[in-house]
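Following this message is one structure expressed as structure tokens.
Chain nomenclature is as follows: A, B, C, D, E, F, G and H, assigned in order of appearance, with residue numbering initiated at 1 for each chain independently.
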């Protein structure tokens, strides 16, 4: 079984055009392609590289040389090589999650921000079933410039928080739960029709997208 | 155009069997049927009668004699004749709604409770976009035995409240909003997968059902 | 592969606030987290702990020490440590299920009630395809204060039973069946639009939620 | 505004081929077409003609000559000319409906059977919220050869009845109700996944189809 | 891990009440329950027993004694013990399927009919993409009293056949295909809204149900 | 109430770029805009103009001058000014529809082809419930170069025809029917998963799109 | 018919808390409530007031006094009183729409920005079916700090633009189109899964929400 | 376990009737059937044979003799024996895909065209997130007679390309992505409601169908 050469045509000038480089979405890509990308790009000077949705069971199948070139983080399923230089920490970002079951998305946001060189703080387990967990940390949260909120199920955290902050707030629904959680669709819809105004929303589990949106705002600030 | 005689067979012993009498769901029923029911039942001694979903545009078409026999309330779209005797006010019920757009359901609950003789208090406009509207009235809400919460859109009020009360709590989603509000489906699903435990849920806009569920609990208390 | 420390922030005062303690929903949580929770909480005096959705294939992977601290029940996929003291048995609860295929939910209800110290009786295989199975046991069912009904497929049992009882009745749809059973969505919708009034509904397979709702009512009674 | 001649090509030999003649589904057809069909077919000797879904507001717009040729029945929204000769009454059919809100379908079945010359009895308001309404009439229902059951909402009547009869049973869901009734979709799905075996199902509100299916069985019997 | 005794309550008098005995739907039932049923029922004189949805991978795990008592057929995933006596072969049934991918349903119908003692003929691979495959066999198909049609994808076979036969026709959609086949939902909907009248429809892949419906008609004929 | 000037920017070079000019989709556009477009474009020499979805109730509200400039056809809801010159009639197109209820789409195709100068023939009422209506005209249909098939409900006509022709075949589902017709979604899905290969599909009721697709093929032929 | 006093509890300190004042969503609110709000708030000094979804047919029913207090704009269905003071025009916002059918959303954005005192430019009719309409104006678009893109149907404009700009970009799907446009759901989903990274999304037709999100960013800049 | 003989009835004259031979859709077919087909058809002189959806894990289970008779290509999951003779290369076809994740569909198209003897060129990784990848190759793409476009996610490539080409254009949505990609449904719907006219659409991942549609057009050209 020899695979034909896949026709890959990377979007090389994306950093110049929109402010951050192309990332590799690994889901569904054969291992040979991933290894080839790591080999080619990992040897270029100053080339940054981010892999998302790189599952642990795929990671362990990569050859040792490829593994050595990357910084891998299993919960977030991300790996990167040569992250971007750190930006001014005054444009900092707060990541607030409803529960520990959302960690795979929470940390995809955090890792992408780390790769993009953006300062950030993580506030996990802030779900409104125990409202004190949010209200007791609200001042600290609001001391950040941009907020990213991560929640599944009813996503009530997103609405409550959006009603308590003047900051740009980007919301990512997660696919946790069962039955009418509908793999995150209910959380997505709840965020889209939030009773609080000006809440921006992303695809289910798309922590990478929210981090990029925050980067677009940071680029205005610094 | 002469309509054939419709074969109506009322469930006369429902009060004895399950604790409250049959109600008439008016949507889709021809006016001649409604008038006949009012005439027949309204003249019986001690016969109680509740009409739900009786829209104002139908109400105005009823003949004056039928109108005179009923106590009509347009926002809730309910009418009744000879309400049940008042029960012990210690088994009181709080109705908490997210906004004034939910009023058609909020007042269907209130009117059904009035018809069933059950004590209740209404707390409108308590949505969590302005969280202080709920927290400032929480003690008063929790002084009631049973809570009925009414919310549309993201229904975040239901989750927040369920996390702040030990009371039996019955939640009714409403069909307010547009787009991904999906005529109340998102509110329904958010309530079903609430991060707070023990929240009971009803069909979209079904204020009558929640009032009946509360009556089933009151029947245990007094 | 070393996992980062997950930021867990338990809702410690939930028992005081809403009448029953926080439970751990295990689905999707890594084993190391579960073991840490068991170790920390299982050694505290008087600390009660309930795990739901703890699948047999996860259970067998827990270390022996963790297993020894818990009472595990595979069909219901629940485990607990130090259940709450038994409450007055007059506030008893009947659990009525349509078929043996619903057992994983039926017993999640029963086990949660056992953990909460609430008296209960289980009536399995009462589906209406053979109506005599329900009617012959109806008096015994109605001798309980609160009813929890478990049914999948068309969920007709819930409607028939709600039309035959004055008790508070909490209904849990199950994900049994194939095709238009839609993993329990049809049962859920049938319960929500039941022709019988005052039926309270929960998420698909959410036996834990119905048990909590029953506990909220029991807390009013005793 | 002159309409072009529509290209109509009737299926003239349907009676010989499948046992009953083509019917005219009126919804969406312009009035001029309906009038032309009535004029052409109503003047042929021995030509039978059935119109379904002929709404009262369309009926009143037909010219008087067309109206005179047809026997119209507004609740069922059917009209016919020259019904088929009566068949042997031993192959009789019972029509059982859950409530009077289902009447528009119940009577579409009855009228189609009348047009096809088939003996039938109607049992309205037999919904299981008051189970005695069905059980007290069960023997009379089972004395018929074929059963057609009409129900909306949770459609529990169909399952209960199918578990109590050995007869061929054809089930029609109706679009009554609101919210998760989903315009009849929940009733349809409940019937399709009934816990009772051998229940045949039709499209939402399709009383005409169920009557035709019964006719196919009657054609085997006589 | 000791499983609690599941509360099984069989519907023993179903044969007398509705004309055929209860069957065991195996999906989701633990193996210990299946073995117990086979042991208990397989040793009773004259007790007939049918298992549906008994997957090959479950079958091979049953103990040899249980296997010996049953006649197993892997494609249809059915097993039975002591089938009912053969009925009059004049009330014969034709099973027409669209393609060999539908075989798992086609043979569930055939095996259920065999178990119930009903004469039948199978016509596979009759899909309308090659219309001659149906038309060349139409006379033979129509020589049967009752038709059961099995089709997935667009289910066009059901409509074409229903327009060419006067027989009672029962249609079963199958879950074959991908994308907008929607696991059989499109086939189901196409059958429900067939342009040909009097087509009775069943749940996706429910061959057992269609065979039972045919049995209800046969019971009228002989 | 004075409307602001809407910012319209027509795609003037579309004819050169893709082979046919931009059309005006009228649904939702205010009448003042339609009148302005007719005035501006209708006075240019050699400017062709097509309006689709121009409902009769909107048409009658246009000022007489605008009406005089257009050729309006109410069933198809189209209007045009200065149609394109006639093309070679050897590249002819057959339009085959299932029933007269599909006429609003059938004639949208025919009118768009007329506007584009393309030769075509219409075959209405060819639905497979009476299969002879298609087979008796098949040779005539196949004598055309390109086929456009229009069908609602189960759309079985599209599959049967695609299995009987070597021609490029473009299929348009229509929104006729009720219940599980789902406003044309079932017809659309049936066409997408047709058992016959190489069937191209368009949006529900999109006769205009199918005519444009046929024009793209004609442009290759002549 | 006297309406009961609705319990309105405005979120008065929203401006201080989140940076812009509460708006009134008019859909479904009775006219008497709207008039009362205008009367109460319109007479307070320095009180700003914005009404959204105020349809022309409701507007004309308001009493003349109420009308005089408001600046009404029918296409956007907005009205306001006492807009906020103008902010620094360097933090300007570009609004790019796909077509004139999207105008009701495009202008809801523009009017909300006008009310909030934020500088903005509108670029209508930029849909990618004629790609030159976007590319020829790209430099001018990118000279703004924040972009809001409005598109229905396939929403391809949002993806193309997000791939060509480094700016924060907020996308609003619109409900234009028919069939599989699904009242805007397809546009919404296309935006959520855009192939271009960092695109923030809002509910269907929710121009107000996108304007508020832009305001949250502007508040960081000035 | 002996499988019964499956009743296979191939559509042998399909090549003569519609222009290309029947293909074998392998998904769900038992291996014994596949081997039998290869043995029977692979030994006939001049018999061409194409297998689609033949997954690598099934391929490796075929016996070596069967494997030797076929040309297998794992990414496209296709195998063929004795492809059709090459046709005139002037009727060439361009295949344009959005990304390398779409390769399994892109190459199903290419392999089917190779089997049918049709000239084609593949242009991978042309997604509009980097618009230059399409525009820089547009002239080369347009030098082909027919275009097949393959895209998942938002499918924006299909709309942009259709607005830039006069060619017949066939669009295949793919199931790549997660969340609101909905396994390709969003891409499908975006293509169906494309803002560019005359785009023909196929089922999700149905590369085979688009290749057959192109073959229908090629048959007109040569």
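The working rule: contacts are C-beta pairs under 8 Å (C-beta built on N, C-alpha and C of every residue); 3 or more make two chains touch, one makes a residue touch a chain.
Quick caveat, the model's predicted, so the values are computed rather than measured.
Asks: Which chains make contact with chain A and with chain D at once?
Replies: Looking at chain D and chain A together, the chains touching each of them are B, C.
Asks: Going by average Cα coordinates, which chain is farthest removed from chain A?
Replies: Most remote chain from chain A, centroid-wise, comes out as D.
Asks: Count the residue numbers both chain A and chain H use at their shared interface, divide by all numbers used there, and answer same if that is over half, different if under half.
Replies: Since fewer than half of the residue numbers are used by both chains, the interface counts as different.
Asks: Thinking of B-G, which of F-H, A-H or A-G forms a repeat of its interface, with over half the contact pairs identical?
Replies: A-H
Asks: How many Å are there between the centre of chain F and the centre of chain G, using C-alpha atoms for each centre?
Replies: Roughly 35 Å separates the two chain centres.
Asks: Any idea how many Å lie between the Cα centroids of chain C and chain G?
Replies: Here chain C and chain G have centroids separated by 45 Å.
Asks: Could you please state the distance in Å, as a whole number, between where the Cα atoms of chain A are centred and where those of chain E are centred?
Replies: 49
Asks: For chain E, jot down the residues that touch at least 2 other chains.
Replies: 129-130, 162-164, 179-181, 188, 192-193, 196-197, 203, 206
Asks: Have a look at which chains touch which and call the overall pattern line, ring, star, complete or other.
Replies: Graph shape here is other: it fits none of the named patterns.
Asks: Would you please name all pairs of chains that touch?
Replies: Every touching chain pair, ordered by label, is A-B, A-C, A-G, A-H, B-C, B-D, B-G, C-D, C-E, D-E, D-F, E-F, E-H, F-G, F-H, G-H.
Asks: With touch defined as at the start, can you tell me which chain C residues reach chain B in the complex?
Replies: 17-20, 23, 145-146, 162-170, 188, 192-193, 196-203, 206, 208-209, 212-213, 215-217, 219-221
Asks: Which part of chain D faces chain C closely enough to touch in the complex?
Replies: Contacts found on chain D: 98-99, 127-131, 153-156, 159-160, 162-164, 177, 179-182, 186, 188-197.
Asks: Please output the residues of chain G touching chain F within their complex, sorted ascending.
Replies: Within the complex, chain G touches chain F at residues 56, 72-75, 100-101, 103, 107, 122-126, 129-130, 133, 176, 178-181.
Asks: Name, in rising order, each residue of chain C that touches chain A in their complex.
Replies: Against chain A, the touching part of chain C is residues 1, 3-4, 6-11, 13-14, 22, 25, 27-30, 33, 53, 175, 183-185, 188, 203-206.
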